[in-house]
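Each of the two complexes below includes chain A, the first together with chain B, the second together with chain C.
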Partner chain A sequence: MKLITHNMLESRVKDCPDDKRFPLGINATKVIEQKVVLNKQFIINILTKIDWEVLLEAIKQIGYNEKIELPLEIPVEIEKDDDLIMKIHHALLEIEIIEGELICQGTGRKFTIKEGIANMLLNSEELK
Partner chain B sequence: MEKEIEKEIEKEIEKEIEKEIEKENQNEIEKEIEKEIEKEIEKENQNEIEKENEINADDFESKFVNQTYSQIAEHFNQTRKKVWPQVFDFISNSECGSLVADIGCGNGKNCRVSENIFTLGSDRNEELAKIANNLNNLPTCQMKTSIIIDDNLNLSLRSNFFDKVISIAVLHHFSTIDRRILALQELFRITKPGGHILITVWAFEQKKKYEKQDVMIPWKLQKRFFNQKQLEKDQEQIELKRYYHLFYKGELKELIEKFENINLISETFNSDNWVYLCEKKKQQ
Partner chain C sequence: MFSRFSPILNHINQKDFQFVYEPSEDSFLLCEGIEKNINFIKEEIKPTICLEIGTGTGFVTCFVNKLFEENKVSCFYITTDINHKAAKIANETFKLNCVEPKETIITDLIEGFESRLKNSIDLLLFNPPYVPTDPSEKIGIDPLDQNSLLSSSWAGGKNGMEVTQIVLDKLDFLLSPNGCCFIVALEENQPEIIAKNLFFKGFRTAVVKKKEIEDEKLYILKIYRK
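Now for the complex of A and B:
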């Protein structure tokens, strides 16, 4: 599971307060890096859609904040900074969480990540 | 004398004819009975499906959709490689940096169509999700994809988020109208205002004629795809069943039109499927 995916997931547990659904916490026990071809325009355009703070927090939670240093805010002239674009590309698309869990911040419910796939299924009592 | 003989003969002939007619009637009655019995059996099958649905649609689908897919996943994967041109065009005609959600992604064949987008593939079935994810493990990949296991009726995805959402051959596996509406509701919820949704379902009006809308479609699983337990059986293939609801023309249209924030752009027939292109209205 790529870090960009973490930016799309929210908890649908019945008892979770609405303001705690997003983002989910991460506890990663196995992380790998996998090369993805850079598509500069893709990165520039995707930055308008993702939650930057959530990305920074995710990097921290998997212990990569020293390996990938990103600014607190997205610079205005991002398209001129190839170095930073490469870093963002790496963070969003090349880091794969293989084993671990995602944690609902409202209820503590854990969702297992196994073989790179997060299992988000709920049982019937947890459904809205 | 002769006349009497003639009369006798006539009588005989009449008797013969009567007998024939009686026989014919008898046959007809038997045929009628046979038809009645067939109808009863048909009704019984239908009742069975309905009864199971009443008891618990979730358990029913779990057995006749999810569990079947678990068993046939690898075989299914071998037979589902080509991306439909209509699906390919819908996805590849996306702005660079688009986010696409493929809900019910199966073996993930539609998750790696364009290098300009990110695709989130989601399937309820773990075996299919694993297959879909493995396709991603190429050393250098131009495609950007993640696979999750999730339920179309309760998607763990953010609202108003995806530029495009696809539901390819998924909605026909839901066994009640309420569940079809709920599935649609979730697809529309995760789509951003102004975003597009492409849905395909099996059509009732296809070349092969079906007598009813709710059917069990057999899958002949070949021996080379058997799991350990199945290998104990001395058979070359086993038959497994998948539940389908075959949609009439306009049936899904009616459900989509219940959503006030959705514009139905088109309903088209393509290779035995009904195809729906929708747009989520921009917020006022």
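Now for the complex of A and C:
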């Protein structure tokens, strides 16, 4: 599971208070890095949908904050900063959580990530 | 189906198709419908996020990725399936066919994504379980019943619309301003009624492909904002 996806997922557990649904905590036991072709325009487009603070926190949670240094805020002139775009590309798309779990911050419910695939299925009692 | 965009599926054994939907005429027709609309997609939609619900083997998203690459369209491919075996096979299909950037998630339709993807999906693809089934037959997956993995790929409940309708009801919330949805429907799903209902919610529906196979009449519907 990529960090871009983590930035889009929330907990749908019935008992979770609404303000705790997003973001999910991450406990990663196996993380790999893998090359993905850079598309600058895609990164610029997707940045409008990314919660930057959540991305920074996710990088920290998987222990990559020393490997990937990102600024605290997205610079206004991001388009001219190819170096930063490359870093964001790397953080969002090239890091894969292979094994681990996502944790609902409101209920502690864990969603497993196995072979790179997160399982968000809830049982009927957990559903709204 | 022979197309230069068809993915390699060598990693899948015949016995996997006991648990995962094998790409069939409906899958192929959906691909053809999307291919026919490549200029529309490229010029009008310019997709950033492409979401396929119920990806099965991943055939359709793979096809779309190859078609898009040739047409210099690049987006993030999100796929979901309620069947964990399908999700695993799809992920392998994507790896084998170099589909990137992609994500596969096991979930019910798009549960977990909704709020954050509000008005963000540029392309939504769904070949749903569309076969009308008796109310006594369960739709969806029963964790205790292996057979439900495959039956959930076709069992559609009343008019075959029970699963599809949930997605159609969310379209306004999910689709981006230029976003578009391609779905498979059967004659029994009553495409005219689908179109009429969507019209009142602000959408146009076009039949982009139609095919009769044995006793099934398949439609590919393209749904977009008026």
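What to note about this one:
Throughout what follows, the second predicted complex is superposed on the first by the 128 of 128 C-alpha atoms of A that agree within 3 Å, B and C clash if a C-alpha of one lies under 4 Å from a C-alpha of the other, contacts with A are read in each partner's own complex, and residues count from 1 in each chain.
One rule holds in what follows: a residue touches a chain if its C-beta (ideal position, glycine included) is under 8 Å from a C-beta of that chain, and two chains touch if they have at least 3 such contacts.
The structure presented is a predicted model; accordingly, all values stated were derived computationally and were not measured.
By the touch criterion defined above, A:S124 reaches chain B but does not reach chain C. By the touch criterion stated above, A:L72 is placed in contact with neither chain B nor chain C. Legend: residue contacts after superposition of the two complexes on their common chain; A:K49 is shown touching both chain B and chain C. Once the two complexes are overlaid on chain A, the chain A residues touched by chain B in the first and by chain C in the second are 1-2, 4-5, 8-12, 22, 36-37, 39, 41-42, 45-46, 49, 93, 115-122.
By the touch rule above, chain A contacts chain B in their complex via residues 1-2, 4-5, 8-12, 22, 34-37, 39, 41-46, 48-49, 93, 111, 115-122, 124, 127-128. On the side of chain B, the complex with chain A involves touching residues 58, 95-99, 115-118, 120, 124, 126, 129-130, 133, 136-137, 139-142, 144, 146-151, 154-158, 161-162.
On the chain A side of its complex with chain C, the touching residues are 1-2, 4-5, 7-12, 21-22, 36-37, 39, 41-42, 45-46, 49, 93, 115-123.
Touching chain A in their complex are the following residues of chain C: 48-49, 74-76, 78, 82, 84, 87-88, 91, 100-101, 103-108, 111-113, 115-117, 120, 143.
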